[in-house]
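Note that chain A is present in both complexes that follow, paired respectively with chain B and with chain C.
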Partner chain A sequence: MIGYHGIGVWLEKAAAWLLALLWISPLIYAFWAAFHPAIYATRFDLLAPLTLDNFREAWSQAPFARYYLNTFLLVTGILIGQFVLCTLAAYAFARFEFSGRNIAFALVLVQLMIMPEVLIVENYSTMSKLGLVDTISGIGLPYIASAFGIFLLRQTFKTVPQELEDAARVEGCSWLQVLLKVYVPLARSTYLAYGLVSVSYHWNNFLWPLIITNSVETRPLTVGLAIFGAPESGVEWSIITAGTLLAVAPLLLGFLLFQRQFVQSFMRAGIK
Partner chain B sequence: MKSVKRYMAVMASALSLLILSSNGALAATELTMYYPVAVGGPLTKVVDGLVADFEKANPDIKVNAIYAGNYNDARIKALAALKSGDPAQLSVMFSIDIYELIEQDAIVAFDDIVETDDDRAWLKSFYPALMENGVTQGKVWGIPFQRSTIVMYYNKDAFREAGLDPDSPPATWDELVSMGQKLVKKDASGNVDRWGLMIPSTGYPYWMFGALTMQNDQVLMNGDGNETYYDAPSTVEALQFWRDLGDKHGVMPANTIEWGTLRQNFLEGKTAMMWHSTGNLTIVKKNATFDFGVAMLPAKKRRGTPTGGGNFYIFKKSTPEERAASMKLIRFLTAPDRTAEWSISTGYIGTRPDAYETDKLKSYVMEFPPAAVARDQLEFATAELSTYQTGRVRKLLDDAIQATLTGAKSPEEALGSAQDQADRLLKRYR
Partner chain C sequence: MPSSTIRNQAYGWLLLTPAAIFLIAFTHYPAIATLGQSFFSESTVIRPAEFVGLENYQIMLTDEVFWKVVRNNIWYAIGTIPASVALAMIMAIWVNGKLAGRGLVRMAYFTPTILPMIAVANIWLFFYTPDIGLIDQFLSMFGFSGRNWLGNPETVLSCIIVMTIWKEAGFFMIFYLAALQSISPELEEAARIEGAGRWYYFRRVTFPLIMPTTLFVLINAVINSFKLVDHLFILTKGGPDNASSLLLYYIYEVAFSFFDEAYAATLTVVLLVTLAIIAIGQFLLMDKRVHYR
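The block that comes next holds the complex of A and B.
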C-alpha cells in the first residue's frame, strides 16, 4: 500500500517536472539563441561564445525605450480603469436589488463569449468617431468594461458575509464607504490575480494595438517586436529572441520577484 | 525623425501658403500610406528615408508612412480604417489580395487615374511577370514594389566535396535528383548529416508548389481569379515529384520542412540546396560561412517560379487631388534610382528593367552576381496563386500538399478533393 502510494507521488512529481520543462523550454531556448551568435541558434554547444550583439541589433531596429513607456502607460491605464469600473459594477450586481439586474448581468456574461478580434472593425469606427485613433486611450478603452473582471469580483463580493456589511452600516458607513472599507480589502487577492491576468494580456496584446495606432508615440512593445517577424524571408532567430526577451523582461522580473504573492492570490481567487 | 517630418510639414504648409497667396493655385495634400514589412532588417528606416526624400521634392504633399505589421495585418488595418471613414489613400499590400480588395470595392484601377501619356507609358515600364498579379478584368490595380521570386541557394563547398561542378547547379528535375543524391551525406550509422535539397512545405507551401507546377508547364489558376487547376494531370504530377524527392529519391527529408528555420538549416550546412525567397539573399550573404551560389530553379518542361510580395494600391475613398498625389508618390518610389536602392537594401527584385541600368544596381550586380539571378528568372515567372476567396482557396491547396507530403493521402486524392471544394467556393464568381 505504501509502495503504491510512493509510486503515485513519484509519478505525479515526474509529470509535474515534465510539464514544467515543456512549459519553460521556449523561454530557455530564447535565452540560448539571444545570447549566442546566429550560427549557434540551433546548435547547442556549451562552449559557444556569448554575445550581446543580438540585443544591440534588436534595440537599434525599433525605438524600444518609447515602446516601453507606451506599454507601461497602456497597461497601468487599463488596469486602473478596469479596477474602478469592474468594482462598481460588481458591487451593484452582487449587493443591490434592481429591476433587470439578472438580464443586465447575463448580457455582461455574454461578452465573455465574444472574441475581441471579431469587433476590430466596429471598435475602430467607434474610436474614430471619438477621435481616439492613434492614442493610448484608444487602445485601452474597448477593454475597460471587462466582463471577466466584473464576473470575478461579483463572485468574490458575494462570498463576503452579509453581517460585515450590516456591521459597517450600523457604524454609519455610506454604501461607498462599505465598498471601500469592507469589500475591496477582503477581495485583495482577487484584485491581485485579476491584475496579473490583465497586465500580462495587455502587455502581450498585438493585433488591436497594431490596427488602432499609427505612430511611434503610441505603439506598444509587441507592435515594435513584430518588425522582426519577417514572414517572407524566415525569421532571424537570434534577433527575434533578443527582441522578445527585451519585451518580456519587465514582466518576467516582476513575476519572479512577486511569485509567491501571485501564486497565493491565484489559489485564493480560484482562477485557473 | 518625427520632429524633422513635422518641421518639414510646417515648412511645406508655410511654403504652400506663400504660393497660395501669390497665385492661389497650389494647396497642401496630406497622404496616409500603410506598408507591411515582410523581410528582416531595419526597413522602416529605409521607407522613412525614401518618404522624406519625396516630401523634400514635393513640398505641397505631406506623407504619413505607417508601418502596418505583416501582409495580413496590413490588409486588416487598411480595411478597418476604410470602413471607419478615417482611411488611408494608398497602401502596399500583398499582391494576391487584389481580388478581395476589388470585391470589397476598396481600390481603384490605375487605368482610371492615369491622365497623361507619360503615366500610361509608366504603367508599362515594369517587368510583365510582376504585373500579372496586379492585372485583372483588363485593368491594372497594383503596381509592383516589394517583389520576390523563389530561387535556389546552393552550397558550393558541398558541391566540390561531392565531386560536382560548383558552377553548374542542377538545371532539370533529373539533375536535381541525381545531384541531390550525390550531395546527401550520411554518417557511419546511416543517419543523414546533410540533405541534398530542402523545399519548405510550411508557411507558404502553395508558393513553392507554384514553382513546381510552372516547371511542369501548368498554372494553378486563371487570370480572372475564378477557376483553379488543382486536379490537372500536370499538377498531380508535380506534387508526386515533390513527394518522391523525399519518399522515393531520398534527396530531401520525407515529411514537411519548416519554412521559418530553413535558412538556418542551410547556413548550418544541414542541406546542400534550398529553395527560398530572394528576400533572403541579403541575410544569406551576410551570414554564410561557406562559398554559396544562387541559381534559377530547374526545369521539367520549362523553367518556372511564381512571383511574390507586395504591390501598391490606391484606395477608392480618396479625392482626385489625393489620387494625383498618390500617383506622384508611387511614381517617385518606383523610379529606377529608388527601385535600385530599395532592391539593394532589401534583396527584393528591381521591378523594372531600367533599374538594372542604373549605376548603383549595375555595380552591385557586378560585384555580387547572384543579385541578378532573380531578375533573369523573371522571364520564366508566373503569377502567385490568387483568386477570389483567396485565403480559403489557398488553404485548400496548402492542406492537400501537406497531406501528400506526410503520406496521409495520394496526390490525386488530395488535389481532387481540394479542387472540388475550390469549385464550390468559386462558382458564384463565374
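The block that comes next holds the complex of A and C.
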C-alpha cells in the first residue's frame, strides 16, 4: 500500500471511522428513542430504563400485522412475476435470432430511464379501467416486466457456452427444458443478486403504492408507516420511531445477517 | 435453414410477448398517452375533454409554482449530486484500503441505503423539529436559540439535501468499490516503487480508471434527483409555500389533490423530456468513451 505510514494515514483512518460513526448515528438514535420511555428521547442517560412499551403501543395503534402481510405478498408476487417474465425475455434476447431484436431490446431499455413511478397519472387511469385500484396486483403489475432484470439476465445468459445448449438439444431437450436445466441453474447468482435488489426496492417503494391503495387490506408497510407517522396524526415521537423500526426490521435484519451477499448483489447488479 | 429461422423468429417473439405486454401497457403506452393528454383540456362532468393545442403548456409557462419546483429541483440536484458522489468515492477508497474494522465501517456507510425513504424521513424529522429536535437541542448548548428548520423557506431545501446525501452516498459507494476492486494491485505496487504519493496515485491512476463508474453513478444520481420525492410526504409536503417541492411531487399534487389530470400530464411531459435528454447525454458520453478507448 502506498504511503501507509506517518501521521496523515492515521488521520485518514480516524476520519474514516468518524464518518462511519456519523453515518450510523441517526439509526442508533432511532434505536435509543424506540427502546426508552419518551422522556429520554432527548436525554442521553446511560442508566435510562429500557422498555418495549413504544413497540407495544405502535403495534396496537396501527395494523402492522396486516401491513407486513401486504408487503410480503407484494414483494413475493413481484419477484415471481419478474423472474418468469424476465427469464423468458432475456432468453429470447440472448439466444434467438429474430427480426427486430435490436429495436425491441432498445425499447425494453427505455424503462431504465422512464420508471413506472414517473407515469403515475396515466398508470392510475389504466388501473382504474382494469378495476385494479386498491389491489395488491395493482401495485405490483407495472413492475413485473423489469428492463433491469431482462438486461441482467440477458448478460448472464450470453456467457453460457453454446455447446451446453447444443448438447442438451442432442439429448432431446425442448427449449423450455434447456432454459430450466441449463440456463437458469448457471445464472443462480444473478437471480440472487437481482432478487435482493428487487426485494429491497419494493419493500421500500412508496409513491406508487400510496397512489394506488386506499385501504388497510392493501397498503404496504411504507404507506402504512407514512399515515401512522404523519405529524398531523399526533402520535408520540418515541412510538413513531418504534413503528419505523418495526417497518424496517425484516430488511435491516436480513441485511445485517447477509451483509456480504447484499453488498455483492448490489455490486454485481451495478457493474453489468 | 429457412424452417429453423422461422422457428427462431416465432420462439423469439413468443418468449418476449409476456414481458412486452406489460412493458407496453405500463411504460410505452402511458408515456405516449401522457403526451397526447397534454394537448387536451381537463374533462369534467359537464364538459368532455377537447383539443386545446399548446394551451396547457402556455398555462405552465406562466405558472409560478412550476418555475419554483423546477428551480428547486435544479438546486436539489446541485446540492445532492456532487457531494454524495464525492463522499461515495472517498468512502469506497477508505473501505477498500487497509482499515481496522473495515466490515463495520462499510456496514455503517451502506445501511442508510436499505432503509425506505419514509423511515429515513421519520427519523430525520425529529432532528429538524424546532426547539425539542436534536439539532436545536444541540445548538442550545452553545447558546443558539431554536429555529424552525423545515418551516423556513431558506433552510428547508438544505435540510432535505443533507438527508438525501446521507441516504445516497453509501449506495453509490458500492459501485466505486466494485470499480476499485477491478483495478490491478500491480499498478499500486509499481507506483509505490516509483515513489508516487497516495494523492498523486489517486489523481493520476485511480481517478481516471474509475471514470466510467463516475459517469454511471452521476447518471443514476441525476435520475434519482428527479424521482426521489417520498420524503416530502413526511417532512414538508412541499412547503412552506412550495419552497421544498420538487417536480414529481408537484405532478402528484396536481393529479391527486387538485384533480387536474391534463395539467399533470403536461408537467409529466417536462419530466419525460428531461429524462430523455439525460438518456441521450448518457448515450453520447458512453459513445465518446468507447472511441477514446
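In this section, the second predicted complex is superposed on the first by the 217 of 272 C-alpha atoms of A that agree within 3 Å, B and C clash if a C-alpha of one lies under 4 Å from a C-alpha of the other, contacts with A are read in each partner's own complex, and residues count from 1 in each chain.
Convention: contacts are C-beta pairs under 8 Å (C-beta built on N, C-alpha and C of every residue); 3 or more make two chains touch, one makes a residue touch a chain.
These figures come from a predicted structure and were not determined experimentally.
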Partner chain(s) touched by A:Ile211 [first = chain B, second = chain C, both, neither]: both
Contacts of A:Ala226 with chain B and chain C, given as first, second, both or neither: both
Chain A: partner with more touched residues, chain B or chain C: C
Partner chain(s) touched by A:Trp237 [first = chain B, second = chain C, both, neither]: both
First, second, both or neither for A:Ser125, with chain B first and chain C second: both
Contacts of A:Val170 with chain B and chain C, given as first, second, both or neither: neither
Which of chain B and chain C A:Gln259 touches, first, second, both or neither: second
Chain B versus chain C as contact partner of A:Leu50, first or second or both or neither: neither
First (chain B), second (chain C), both or neither touched by A:Ala65: neither
Touched partner set for A:Ile103, first chain B, second chain C, both or neither: neither
Doubly contacted residues of chain A, that is, touched by chain B and again by chain C: 41-42, 120-121, 124-125, 207, 210-211, 226, 229-231, 237
Touching residues (chain side chain B, partner chain A) in the complex: 2, 32, 37-44, 64, 66-71, 73, 76-77, 79-81, 83-86, 148, 203, 259-265, 267-268, 276-277, 279-280, 283, 287, 289, 308-309, 347
Chain C to chain A touching residues, read off their complex: 5, 8-9, 11-16, 18-23, 25-31, 33-34, 37, 91, 94-95, 97-101, 103-120, 122-127, 132, 134, 137, 166, 169-171, 174-175, 177-178, 188, 191-192, 196-198, 201, 216, 223, 226-227, 229-230, 233-234, 248, 251-252, 255-256, 261, 264-265, 268, 271-272, 275-276, 278-279
Contact footprint of chain C on chain A as seen in their complex: 1-4, 12-13, 15-17, 19-21, 23-24, 26-27, 29-30, 33, 41-42, 84-86, 88-89, 91-93, 96-99, 101, 104, 107-108, 110-111, 113-126, 141-142, 144-145, 147, 150, 175, 200, 203-207, 210-211, 221-222, 225-226, 229-231, 237, 240-241, 243-244, 247-248, 251-252, 255-256, 259, 262-263, 266-268, 270-271
Touching residues (chain side chain A, partner chain B) in the complex: 38-39, 41-43, 60-62, 120-121, 124-125, 127-129, 133, 207, 210-211, 214-217, 223, 226-237, 239
